[in-house]
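Here's a structure for you.
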């Protein structure tokens, strides 16, 4: 292996830059050349390559977003576009790829591998933490702390006005952000897709809360909650409990940005190095994750198809902590 | 004057606790007794008084929200309730009031004054900064920095994906938060109620932006913008420019919370002291503000009725800074 | 078991309040009474007990420091004082203890257990992360992020002036904070007690750095580094390389404070619940830690005497990441 | 005027990048060419010029430090070096200069003006706020908030251990940072060079504090305090009051870094625009400041030689707020 390429794809996550930096520096450390591909698979198809030197990644470890940019590129499902992308890589002399992203990113990489055999290793970069094969994904800890900071601020105003807030956080298919930010923020209730809830339970819980000395009440709702979104649930609660002062806050895209936390920077650095070392060692078609604080390579198949379970014991904690 | 009361009313704002602390400590410094009234005019009508000692306000200078809580109390428009409130004050031996809040708070205070003559001074506490008689209100600087931090985070993800974001910030009648956080966040456009805008101008500006090297684009929209809210404007923009990737983020109630900034703590402390010193000096029916870095007392009438202008020169800056 | 007591002891750490809250709420959830002991063993000897209700711990999950306070109490090494403390506990009807702290705290608890048999479980609360029997201690993640935030700020000014900074972080016996904040901050060198270093190596590394395009250089030094403290090493470096602009920053006590991170709040909550559940299940003389994301009880003996190793692979990363 | 240059010099301050951006964009807006000079006067003497386009300053408004870098360059006191710098400017076709920095920067600019007549306007960039001719300097508000955040953290640990902390903040000749961060942090005492203090007063104040319910005590000390530095004063206090647990924290260079606050970004933007507009209008040898929220040009002579007074009324507030 003489020259590798690195790219980011899918939704951006804080720490992607730290991972890009680690890939570049680890490649140089091991005597490889390295190029960046701008805007993921789109840039691969457009031959949007930029040579990366050590200084290309100076001082980016603390930046949110991704200097290599990301983009949707549905055309990549079409083998003709994948072929074009592959040929661009060959022309550029690229022997291996490091793909930083989530499920969709790895699916693209897997198809490219299967069609053309270019060695590829993935690094799990998504705030949602919904990837099998790693305890945490790059960006998750930062997103949780961003959501927590917002919940703390909402608690200030909720407590001042004795209000109920439904706070919607990201997580289309998974409740990891909701669960962690909810417990951290002392939420009175947390609604996630992994755990069946009903409107009646939410309302019962609100009624119970009303008798306590502390009448402010925060319910964290994951984007993918099956009852409905925060607005819908809040509306139902208002109808059932018209005396309560109920508000909704949807945290939205702030959860994707910001300077990465220590954990995300270290995680991203470890994974980036592991991806390069894996490629050199002849690994491919795998994701470089961290399980129980050790590097672990998981096949793209498993990373894509297996479901990472949410620890439901955490939900039990919510009940205990609100006693 | 022997005993005063302090309360917070209306929407809470970061720094209200710093102001409560200053009122309490300044009262004690001047040999006065001081009580807190919980939940504003509602607590006054309910005789919900709590004696305040020096330690009652220890370590609250950095807390968001208000330890005295706030509440809506529309009944206060009814003189019978005001009478009850006044009688409770008399029973408690209260000679003077410090009312921390905004327009509605001062209107209540003015009515109480006019009906029963109890000396009252207001401190401007509202994140919106829309009060005549003070350069800045308590909570404004913190809210601006909270909005700015959110815009910075949104910029990270907008730049990574070449996206356009409409970011809605608070300010029902005034564009102060929008203008300051927008300039601070390097916004490409800022829409405030004080300046007439049209959808066409917004779209033209977006088109111009599209030709530049940096395709991410952030438009900050004040809650009170006359064209419509951020969702509405974004919808119009999507229709006109379907190729752009346009998103909306409504920052919501996070802008009300959080630990106050240095400026808000100092401002609140100065105003709280000025209110107590004003009461002792025989002033009443006025708001204690800061103009050109000096304490200035403005009649409740002017504070309530006069409109604080937004510096439109700032809007000119937006154009220059996007050259 | 009918009534337990909780206290914090030793150096305070962010998240101790979250742990106190969890102990109180878990006790109430399980039908136990619970009291807080102020200022650790000193308060136990002085019978400084306060009854804890659910609302006693409302809204403290996000507060730094410890509402139960902490204190040095060397007299506790004397059995007479321990006897007094024990008798106060008996008088108060206390059946079990939860001790939140570090090595010294657990040593005191162990002696009390051995002398008088009162069931005790510890929760690891120390920013240093130097306790065997848990992957992370309460306060560590927050302290690392505080140090990282400081290093980021120092990087700004170092890069602007092409300066070298020696940044001293806490960790009297262990390099965990230094290693994590150093990697997160992109440090060019990290000096910890667990890894032998020499002044010559530090200077050689500085020389190498000087040839690179990015002349700013940050060396993170753990308090317990064996060569000497940051001032000493910086002095040696100045003598060897008089042309470099070398500065020192000792981060000091800011690392002990601040609102705990999400991880610290959750960790503290889990440990506090585990301590109470452990007591109820008849466990004692153990610390409730988290290993590989599962609750694990470790004997006080092991927690106190065994050394938690620093992952030296991390140091290898520093070299790779500076290629 | 056809082409101007911008540079930063002296100690860096958060917001300098926002000012550079404003100068570049305002120049382009007005049809001027603009170059950046790296490392201030040193770069001028070395002809280290870089052309600045609109995108050269994209996304720098929120970055700490200065992308143009800064450097000491004592040689500039020598007219031969100034001549060389001037000739480089002429060769580059530079008609006007914008100098961002403090006292030393303006002194250099003034000499260059007097010798060679190149039109120059300064923007006040220094965290110390010690410049006559502007209410606030670029970087001051951010530095105050950084110091305040540190003091809040120290308060957490001070309160937990009933400790006394002497916290040293920057300000070699002026107490602005100390006064603002001290009041904001609820300091029990603030020592600044502008107000005469004695060790005895400090100790008396500490004794008084000891009788209060809240035994933690924070004394903020400006770097330039005439009694001595924080270590010295703390040592004297320890000798006089051996029973107190007294600690010292020197905040150091973290105060120079970090993402600028909203106020600093806006201030820097206004000043940068005002500098360019001033040059175009034929102004020179002046600093562009903001007084009472309006742009004001002050001669370099006054900016350099006149002393900006600290509002001593603020010190009175400290006494009141600790009642």
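Per-chain residue numbering starts at 1, and chain names A, B, C and D are given in the order in which the chains are listed.
Simple rule for what comes next: a residue touches a chain if its C-beta (ideal position, glycine included) is under 8 Å from a C-beta of that chain, and two chains touch if they have at least 3 such contacts.
The UniProt protein names, listed by chain, are A, B, C, D = ATP-dependent 6-phosphofructokinase.
These numbers were taken from a predicted model, which means no experiment stands behind them.
Novice: Using the touch definition from the top, what's the fewest steps needed to get from subunit B to subunit C?
Specialist: 2
Novice: If you take the mean of the Cα atoms for each chain, which one ends up farthest from subunit D?
Specialist: A
Novice: Return the distance between the CA-based centres of subunit A and subunit C, expressed in whole Å.
Specialist: Each chain reduced to its C-alpha mean, subunit A and subunit C end up 28 Å apart.
Novice: From the C-alpha centre of subunit A to that of subunit D, how far is it in Å?
Specialist: Each chain's C-alpha centroid was found; their separation is 39 Å.
Novice: Averaged over CA atoms, how far is the centre of subunit C from the centre of subunit D? Could you give it in whole Å?
Specialist: 35
Novice: Where does subunit B touch two or more other chains at once, residue-wise?
Specialist: 152, 155, 159
Novice: Classify the inter-chain contact topology: is it line, ring, star, complete, or other?
Specialist: ring
Novice: Would you please name all pairs of chains that touch?
Specialist: A-B, A-C, B-D, C-D
Novice: Can you list the subunit A residues touching subunit B in their complex?
Specialist: Per the touch definition, subunit A meets subunit B at residues 8, 11-12, 14, 63-66, 69-71, 146, 150, 152-157, 159-162, 165, 247-258.
Novice: What residues on subunit C touch subunit A, complex-wise?
Specialist: 21-22, 25-26, 28-29, 54-55, 58-59, 61-62, 135, 141, 144-145, 148, 152, 155, 159, 180-181, 183-186, 212-214, 259, 261-263, 265-266, 269-270, 273, 292-293, 311, 317, 319-323
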